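First up is the structure itself, then whatever we jot down about it.
For reference, chains read A, B, C, D, E and F in written order, and residue numbers begin at 1 within each chain.
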Amino acid sequence: MEHSPVTTNPLIIMMINMTVVFIVLISLIYLIKLIHFLDPTKKPAKPQVTDEEEPLVAVKSEPAPAPPPVIEEGIKPEVIASISAAITAYGFAGQVKAVRIVNHEGTAWRASAKFNTLQRK
Amino acid sequence: MEHSPVTTNPLIIMMINMTVVFIVLISLIYLIKLIHFLDPTKKPAKPQVTDEEEPLVAVKSEPAPAPPPVIEEGIKPEVIASISAAITAYGFAGQVKAVRIVNHEGTAWRASAKFNTLQRK
Amino acid sequence: MEHSPVTTNPLIIMMINMTVVFIVLISLIYLIKLIHFLDPTKKPAKPQVTDEEEPLVAVKSEPAPAPPPVIEEGIKPEVIASISAAITAYGFAGQVKAVRIVNHEGTAWRASAKFNTLQRK
Amino acid sequence: MEALNAFSVSLQAVWNDSGFSAFTMGNGIMILVGLLLLYMAFVKEFEPLLLGPIAFGCILANFPNTGFFGEEMNVMKAINYGITYEIFPPLIFLGIGAMTDFSPLLARPSTLLLGAAAQVGVFVALGGAMLVGFDVHEAAAIGIIGGADGPTSIYLSTKLAPHLLGAIAVAAYSYMSLVPLIQPPIMKLMTSQAEREIVMTELREVTKFERVVFPIVSTIFISLLLPPIAALLGCLMLGNLFRESGVTDRLSDTAQNALINIVTIFLGTGTGMTMSAESFLRTDTLLIIGLGLVAFMGGTAGGLLFGKIMCKMTGGAINPLIGSAGVSAVPMAARVSQLVGMKSKPGNYLLMHAMGPNVAGVIGTAVAAGTMLAMLK
Amino acid sequence: MEALNAFSVSLQAVWNDSGFSAFTMGNGIMILVGLLLLYMAFVKEFEPLLLGPIAFGCILANFPNTGFFGEEMNVMKAINYGITYEIFPPLIFLGIGAMTDFSPLLARPSTLLLGAAAQVGVFVALGGAMLVGFDVHEAAAIGIIGGADGPTSIYLSTKLAPHLLGAIAVAAYSYMSLVPLIQPPIMKLMTSQAEREIVMTELREVTKFERVVFPIVSTIFISLLLPPIAALLGCLMLGNLFRESGVTDRLSDTAQNALINIVTIFLGTGTGMTMSAESFLRTDTLLIIGLGLVAFMGGTAGGLLFGKIMCKMTGGAINPLIGSAGVSAVPMAARVSQLVGMKSKPGNYLLMHAMGPNVAGVIGTAVAAGTMLAMLK
Amino acid sequence: MEALNAFSVSLQAVWNDSGFSAFTMGNGIMILVGLLLLYMAFVKEFEPLLLGPIAFGCILANFPNTGFFGEEMNVMKAINYGITYEIFPPLIFLGIGAMTDFSPLLARPSTLLLGAAAQVGVFVALGGAMLVGFDVHEAAAIGIIGGADGPTSIYLSTKLAPHLLGAIAVAAYSYMSLVPLIQPPIMKLMTSQAEREIVMTELREVTKFERVVFPIVSTIFISLLLPPIAALLGCLMLGNLFRESGVTDRLSDTAQNALINIVTIFLGTGTGMTMSAESFLRTDTLLIIGLGLVAFMGGTAGGLLFGKIMCKMTGGAINPLIGSAGVSAVPMAARVSQLVGMKSKPGNYLLMHAMGPNVAGVIGTAVAAGTMLAMLK
């Protein structure tokens, strides 16, 4: 299905494509809102659907009163960013309670594996 | 090798197939008994070959004097079964002495890996 | 490009092949020496390039003053060798400071994984 | 002006080539079927590892104009190739072999009879399918649903009735997940309280010799007798050898993890991709689903019946409840035996004993498939 | 005498069939290019997972007389097959899907606008490429570099301009690594200090329902609208479902480890193998590299511009710095947003907020590719 | 009556299509050969990872009527494809490269001479094979057994003498396992007590620069000189780069685990599948086994002889015992050097020093294979 392009004007081609991209992604926005609206599991405590910026996991991801890190001159900002990101990451990691056990799962095969361990004596 | 079926009577087809399945699996029973009979590693203490139901790992898999679990009404039996299975499984797991190290083995490649670790300093 | 062999004399074929193998591997020796010569990261403390047998990691791989293991008669030498190799290996392993974390690495994907853990709460 | 014109022509072209313009009622219904299967897989947890990819494959297959089934090779066509030429099911069996412990079967080989008896469901469904009008090839492929072995079902369907593959795979995996619902009523109906309370003696210890020799000898015997399943059975037993040899843990580990997972993704997606509206939205599909249930119930009843016979013949040494585990669906059916046994008499652990018929059922279904292929192919 | 003669004839024959005798200037330069790419991959750490194999493949492809491109099948030809028929990119996307968390996007769907706006780079480069003389198919393949998505770039190039694959892949992966250098100056130029200091409110919690339904619904919607990217998007979302379903961790783990690593080795090496002197040593390659930079800068600017608009429209609730993350390059671009934000106001953590546009950019680029395929293919 | 008749006709049909009816004496003997190989693999632990699947493949190949070698594609035929077109050996080498540490070789490059000298076994066997009547292609394939490198042997056999593949692979892997029995007597015979007691000075430290540059430079040099082994050597060195680059651990890990294990299963099974009675049950096979032993002994002697020469020329700095490690069979031959050294003088650790010739032997054998391909192909 090789089409001959309708136009050879680069600007028009750009505009057409860009328009389609925006139409599709804007449609996705509404789809996501629809999913959220239809979600039977969402917390009823939430005041309004439209208030979607409301924090719920706030304290965890941004410890607000944390003192701003002292940045010494001469150190590359990338380094500082990565270090603070790492610390944050590990700090959070420490709070993780339940770690997913990858490579196994709670259905037949896992049970089978467990059973076999047990079986072999 | 597309054969034209010998008969179109479903009942006869069923019987023929079922018979073959039984013949094959019954032959397997005797093969397994033969393997057991020929087994050069089997414990000589065992009184008779035919007494194949004799327990040897008994105490481990079924702690006989364990009190029957108290089952409260209202809890689904599936839940109880799975919990007791899990406890049993973990109980046994606690008794496992040597855990297989998967993904490695005691031959050339493993030695190579170990050697390399050692090598790199 | 099926050639008809130049000669059918096995001895000559052997010699030709052997010669090529030696030429290639001897060239590799010089390539390795060249790499070492050009190496911008090599320790300047090293007295001469040609003195390539000079030990630097010596103490680690062969603890020279270690008393020779007492070998009892009747034990197969393979067993002794493998045991001493194992001890050596574990001894060294104990000195390893930083263990490579396989299956992950310090770039985008790892960060992404870490981020996601953090994200999910 | 040119811009505006080009604009509308282009948007029109995108729309014309989109899936929406070629969308049929059949596509719509099949996508709904896919969504239903996803719900069963992920919410109801019906064999999610297989039914998940099958469902997603079904949805993908019903988008028009994707070119998945065109002349040119693409990733979906490559996956489909592995289905059409039965490349994936043996590789799945390699991993299953590496996960399977045949010890309970070797300790009490008589349980092979239960694994054979449970195949009665296969043949009841075969007969039933012929009675409702399927030809003998289709009937055999439908019957195998009663074997409760996904890869064997896919293998046999591909060989005998590829147009029914989607429906058969869906039925097989669905009923395998429903074993805890299907079996208990039949088990209670067919056994007496006294039978259910039978406590079985412990299994003897099985030597490494037996565990290594069994897969080799059984491969030789069965493959010589039934060559059409040599690939399937050979891979199952090769995987089991990797597990039992003690010196190939590396291969055993890969067979039961990376390899089986990769192939599972492809097998599931590829099977789902065969679910076109034309082949799935027929009364045949409903008949297959109905016959599958008959097959499962028949297999359960067959195993229990033989369990009762063995109970009689051994003077009460065998608890008939382990008979229903012969349908395979490892290890779910064995756990159902355990559950029903414990409900009748708390503390009566049947799990180990039911694992014998359970793994025997895997072999039994492969043999049944081989028998049908030998007779029909 | 015979020996000596045979000796010299044989050595001569080995030399004549060696790569040295057929070595061209082009081969030499391409091997140098490969070495330079290796340096970038391993020393400069520019996406070493992909650029490493690409570089090595480039070197391998430029040894004469290896027979890699001959009639007979061989391992390199088999790998190349997976490139030519677009088999590898969807499998990479399966793993990326299993690694991706769409929660930040679902919590604040408006960031999809930033993911769309960042595609402006794609179309700026498309236009630029047409202006400098590339035909529209080539221009589209070049433009997609601005999407900062390696697999999508390879997928689109293979379909629209296979002769440019090497240059496009190299440009795409190189610029993806250069995001921390390319973006900050543009970000500082286009935003005010006040804008950069905006602290955003927390993201709401996203339910499992949303995380599971989103990949399904978006696959259906986008694949129906743009069938040419159904394979790519379908695999991305299938991988994400494996991650989010909660019952297929086994498949998720394999998709994001063993499978993606194996395919990455093949995809990289195979892409590098397309880098012949004839296709790479042209001014076109320099133009592509230049246009790629334009595309990245354009995408960054587009995202920032839309960020500023959203900032205005929400009364300052959106920090425009997260706009630049819309080019994807997950998660590097999001970390750049975080970095620049923290430099303007220590303690201003934008990482979470930037992940929304970041994953939106992956979808945006796939949609852009689909749009161009729908219009041009 | 109809039932009984159908019954006996059907059973007859099953029997007629079974493997038993078409079973030949050759099949029987080959299955016994397979069982013997399984015994060697699993009980005697002769390279079980390869010899196990080879043995099982041999058994599978000798079941009649399986259709494995028919027109239609099936899993075994697909595996065989990877053998016939030399797709698997390079992928195995990718993993081996990721497992190999070239540091001891880089620290003392002169040990490459020992790796070259040990190839004398290859050429002794080549000459011997021609003398007993093999043609030059067959002789080259047989000779390579002396290289003690399984994948290289399979690669070369497939190219030069595919009908001998089974025998050559079995001989190669068997003798590799027998290195601890074959080498020590020759080592004691050819060296004096004084030579065996030489303590070697420590190896210098090798930099990351050297470890990264070596695989790149050696790939370029050797592949240009000997293009027929570019795939093999390129994959070895690409795997080694994944290991040494420090930024591609993810790929290194997969190359040396999931990928090599999967390919090992296929390579072994596929190699075993080539073992038909017609090609294996010939006096040629016995000759190959005999010549393989000659090759191994010749290689050991060659390495030792050169070790003695180097010992002399360095004024006693080199212990000639490390020469025998040049046959490769990594790391077994190096451990044999260590063992014999320690028996002569307790505390004399030669392991590190022997790893140099050991990995040099891998390169040496690949070069020998390349030389023969360049001259014969």
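Operating definition for what follows: a contact is a pair of C-beta atoms (placed from the backbone, for glycine too) under 8 Å apart; a residue touches a chain by one contact, two chains touch by 3 or more.
Every value quoted in this text rests on a predicted model; they were computed, and no experiment measured them.
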Q) Greatest Cα-centroid separation from chain B: which chain? A) E
**Q.** Proportion of interface numbers common to chain D and chain E (over half same, under half different)
**A.** different
Q) Among the chain pairs B-F, A-D or B-D, which one reproduces the interface of C-F, with more than half of its contact pairs identical by residue number? A) B-D
(Q) From the C-alpha centres, identify the chain that is farthest from chain A. (A) F
Q | Inter-chain centre distance, chain A versus chain E - centres from mean C-alpha coordinates, in Å | A | 19
(Q) As a quick test, compute the distance in whole Å between the mean CA positions of chain C and chain D. (A) 48
Q: Find the geometric centre of each of chain B and chain C from their Cα atoms only, then give the gap between the two centres in Å, rounded to an integer.
A: 43
Q: Take the average of all CA coordinates in chain C, do the same for chain E, and state the distance between these two points in whole angstrom.
A: 36
**Q.** Shared-contact residues (touching 2 or more other chains) in chain D
**A.** 10, 13-14, 17, 45, 48-49, 205, 225-226, 247-248, 250, 253-254, 257-258, 335, 351-352, 371, 374-375
Q) Which chain B residues reach two or more other chains? A) 1, 3, 11, 16, 20, 57, 61, 85, 88, 103, 105, 107, 109, 115, 119, 121
Q. Chain E touches which residues of chain D in the complex?
A. 10, 13-14, 17-20, 23, 31, 35, 38, 41-42, 45, 48-49, 52-53, 56, 59-60, 63-68, 72-76, 78, 257-258, 261-262, 264-265, 269
Q) In their complex, what parts of chain D are in touch with chain A? A) 2-3, 6-7, 9-11, 13-14, 17, 45, 47-49, 99-101, 103-104, 205, 257, 330-332, 335, 351-352, 355
Q.
Which residues of chain B touch chain D once you look at their complex with the stated criterion?
A. 1-3, 5, 8, 10-11, 13-14, 16-18, 20-22, 24-29, 31-33, 35-36, 39-43, 46, 52-58, 61-62, 66, 68-69, 71, 77-78, 80-81, 84-85, 88, 100-107, 109
Q: Show which residues of chain E lie in contact with chain D when the two form their complex.
A: 85-87, 90-91, 94, 212, 216, 219-220, 223-228, 230-231, 234-235, 238, 241-242, 245-248, 250-251, 253-255, 257-259, 371, 374-375
Q | Contact set on chain F toward chain C in their complex | A | 105-110, 112-113, 115-116, 119-120, 122-124, 126-128, 130-131, 136, 139, 180, 201-205, 207-210, 213-214, 217-218, 221-222, 225-226, 247-250, 252-254, 317, 335, 338-339, 342-343, 345-347, 349, 351-352, 360, 363-364, 367-368, 371-372, 375-377
